[in-house]
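All remarks here apply to the structure that follows.
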Amino acid sequence: MGFWRDPITFIGAWLRDLLVNTGLSPMGAELIGIVLGAGLLATSAMLLVIFLIWVERKLIGRIQDRFGPNRVGPWGIFQPVADMLKIFTKEYITPIGADKLAYNIAPVLAVASVLMVWAVIPFSFTVVGADLSVGFLFILAVGALGEMGYILAGWGSNNKYALLGAFRTIAQLISYEVPMIISALIPIMFAGTLSVTGIVLAQDIWFIIIAPAAALVFFIASVARIGRAPFDLAEAESELVAGYNIEYSGLKFGMFFVAEFLQAFTMALIFATIFLGGWRGPGAEQFPILGFLYLLIKTSAVYFITILFRATLPRFRIDQMMALNWKILTPFSLSIVLVMALVGRLVASSPDVFRVAVFLAVNAVLLVAVDRLITLNKRKPPREVGSRNRPVAQAEVLPAQSDPGASE
Amino acid sequence: MTGLQIIFLIVTGVTLFSAIMVVSVRKMIHAVLWLVQTLLGVAILFITLQASFFAVVQILVFIGAISILILFSVMLASRVIQDSSPQVVKKWWLPALVATLLLGLLVNFLALWPGFETTLVELPEGSDNIAELGHVLISPEGYIIPFELASILLLAALIGAIYIAIDRKEPQSS
Amino acid sequence: MLSPWLYIGVFALIAMFLPAVAITIAGFLSPKKPNRIKNSTYECGMETVGPSKIQFKVQYYVYTLVFLIFDVEVVLLLPWAVAYNQLAWYAIFEVFFFILILLGGLLYAWRKGALEWR
Amino acid sequence: MIPLSWYLIASAALFCIGLFGVMVRKNAITIFMSIELMLNAVNINLIAFWHYHSQMQSGPHVTGLVFVAIVIVVAASEVAVGLALIISAYRRRKTIIIDDLTLLKG
């Protein structure tokens, strides 16, 4: 009975009893439990990527009116497995003059920094890796380690395009970190804690309902931090070389790939946790196993939207991307904090329905205002390259017989 | 010797070693990487002191921002780095002597203080009270003046640094 | 108290260990036939010109600078945000000033053209 | 748990290493890194004493943490302005070696 309500805790308790009964000290049993739990979580997150790659390719295929992978296994579901087996047997090409240590440690850092986020996410009422009192800040801080990984990759490859790509990536990541942290202040304000578990528990009303504007800013910033279209400036495949990972091959390249996919899903997970109520839903306290399901559904929904972004939006120019961040999102998120702090204090003791209505109205006003401001101060069209009267081929100048198709 | 003490010794050893590497390696990029490792070590020391908030802030600010800024300025000045001229002054042993003497002096001086040998015990849950920190930072009886001054200092730093870094009258020599 | 951090430490080790092991295993499985051309710097087939540690734009530096300042600002705001529910009115206004001062800084950077990508 | 003295000695050692770096290096950016080391040593000290005081007196006691926050602000401002100065000097004089930056020498 207990097993079906909350399998993870049940198995954990059972294992602990077993270990203590075999004569291990409680400390040792605890330690083994920690190692097993962490190993299980990290491994399943890594394995999830295989599935994510299939989902993403299939969905993008469908969006673009293609089949997507459809050869290996039913619906092509084993395609990433085949790809993985292949990439395992690919040669590592280490460029001449590479800084060996930096070059080799960079992919490991990139994956590890994303995986670390999973350690503090609560997956259900009872299951959380580590309930840190500063869990949310921890999520933001491990991103900094990932940035170090990208710089190491770009610098260690001894390739100027890799270095340029790394600079661009870092400039993008740190720029978008600013509105991301500032908009994340609002859930922290209303939850009154930095612990991720605390933020989830405080969401009797989802924070996306109380603060849609902050959620929007956070979402845009997190999409930008994944480095996917429309923000894939750093590795714009069709314009630049592939960015910081140009000199990587085999599974070292694959690790950056894994990091990117895992990052996309992890960002969706973070968004679902701090704005969509995490594992919360009807009956999730009594039956913690339902929490997994709710969290999975919410995360998948957010993840689906990021895939839609990727599949449908054209790429930004780099100056547009930076302008969006520094001239729109950053001042906007700061003003959201100011206004929400004021309004939140005004209606602090009101009934919930009234509070939510006021918050929604304020957020709507904010969004409309920023939209009007953007429209009024529309950017001037980009500076034209070269002189205005360029030599253009004109019909009357051309000899008539040289272009038979256009003569009629 | 408890487990925590062993962790402390390992972390401190790695941290101090990385700090020595920061001041002694020739390649500046490597110096920055050693600096990152030192800062991580300091963050772990903060964790053993139960200051979780500042441990994470250490990673966020010092590694995520300051060391990246240093790295960028190293790359900005990268032409100078390639030269193989000595990176340290000739009489390097004199500062080494001074630093060692200072260390001995400091430790001796601190050992005079009766609280020196105190064993730190585990604080009760929630001693690293962020909300309390917020209260103290804002309240007039607390540290509101330093708080607002910090904002002005940051503003001054921002304006000053941008004014200096963006050099419109840059002589185009290259 | 230390147990969540112990978990984080173990998790960090495992998170580094997994990709490292995968990369090492692939290293055993994969062929190793390096040659000079293959290992040369890849620039879409062109020969590399000049040193690869190029000098880079000041613009990246300026963005990092503004980021650093705002990062520290948010770090100072975080304790306030955590304590928000219990704070009095004056605390909110003090933070108003705090944020407005930094918005002034952002405005200066904007006017100075530091936020333009050039 | 760990004796307070260990932290103080570690912090003093880190400070002295930073001081050594400031005295011995010729390169302005590395000198900045050494200053960062010294500031971190100060932070270790402040947090160790915060812990010591919280265990000596019961009840919340966060003054030490406020100091740490201010040190972080100062470190950030110092790095921002200092590195901007170095970059400006580099652009005009094409060097970041401190001995060569002798504009004010008579």
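When the chains are written out, they are named A, B, C and D in that same order, and each has its own residue count from 1.
Here, a contact is a pair of C-beta atoms (placed from the backbone, for glycine too) under 8 Å apart; a residue touches a chain by one contact, two chains touch by 3 or more.
Note that the structure is a prediction, hence the values are computed from the model and not measured.
Legend note: the chain whose CA centroid lies nearest the centroid of all displayed protein CA atoms is C. Judged by contacting C-beta pairs, the busier of the interfaces B-D and C-D is B-D.
Separating the CA-averaged centres of chain B and chain D is a span of 5 Å.
Chain centres here are Cα means. That of chain C falls 21 Å from that of chain D. Separating the CA-averaged centres of chain B and chain C is a span of 17 Å. Rounded to a whole number, the gap between the C-alpha centres of chain A and chain D is 34 angstrom.
In chain B, the residues that reach two or more other chains under the touch definition are 4, 48, 50, 52-53, 57, 60-61, 64-66, 68-69, 72-73, 75-76, 79, 122-123, 128, 130-133, 137, 150, 154, 157-158, 161-162, 165. Residue positions of chain A touching 2 or more other chains, listed in rising order: 132, 137-138, 155, 163, 167, 170, 174, 177, 192, 194. Across the assembly, chain C contributes 5, 53-54, 56, 58, 60-61, 64-69, 71-72, 75-76, 78-79, 81-84, 86, 95, 102, 109 as residues in contact with two or more other chains. By the document's touch criterion, interfaces exist between A-B, A-C, B-C, B-D, C-D. Those residues of chain A whose C-beta lies close enough to touch chain B in the complex are 102, 132-134, 137-138, 140-145, 147-148, 151-152, 155, 163, 167, 170, 174, 177, 192, 194. On chain C, the positions that touch chain B within their shared complex are 1-2, 5, 51, 53-56, 58, 60-62, 64-69, 71-73, 75-76, 78-84, 86-87, 90-91, 94-95, 97-98, 101-102, 104-105, 108-109, 112-114.
Touching chain C in their complex are the following residues of chain A: 30-31, 34-35, 37-39, 41-43, 46, 87-97, 104, 107-109, 111-112, 115-116, 118-120, 129-132, 137-138, 155, 158-161, 163-164, 167, 170-171, 174-175, 177-178, 181-182, 185, 188-190, 192-194, 241, 246-247, 250-252, 255, 258, 318-319, 322-323, 326-327, 330-331, 334, 337-338, 341-342, 344-345, 348.
On chain B, the positions that touch chain D within their shared complex are 2, 4-5, 8, 12, 15-16, 19-20, 22-23, 28, 31-32, 35, 38-39, 42, 45-46, 48-51, 53-54, 57-58, 61-62, 65-66, 69-70, 73-74, 76-77, 79-80, 85-89, 92, 95-96, 98-100, 102-103, 106-107, 110-111, 115-123, 127-129, 132-133, 136-137, 142-143, 146, 150, 153-154, 156-158, 160-162, 164-165, 167, 170-171. For chain B in complex with chain C, the touching residues are 4, 47-48, 50, 52-53, 57, 60-61, 64-66, 68-69, 72-73, 75-76, 78-79, 81-82, 122-123, 125, 130-135, 137-140, 144, 147-148, 150-152, 154-155, 157-159, 161-163, 165-166.
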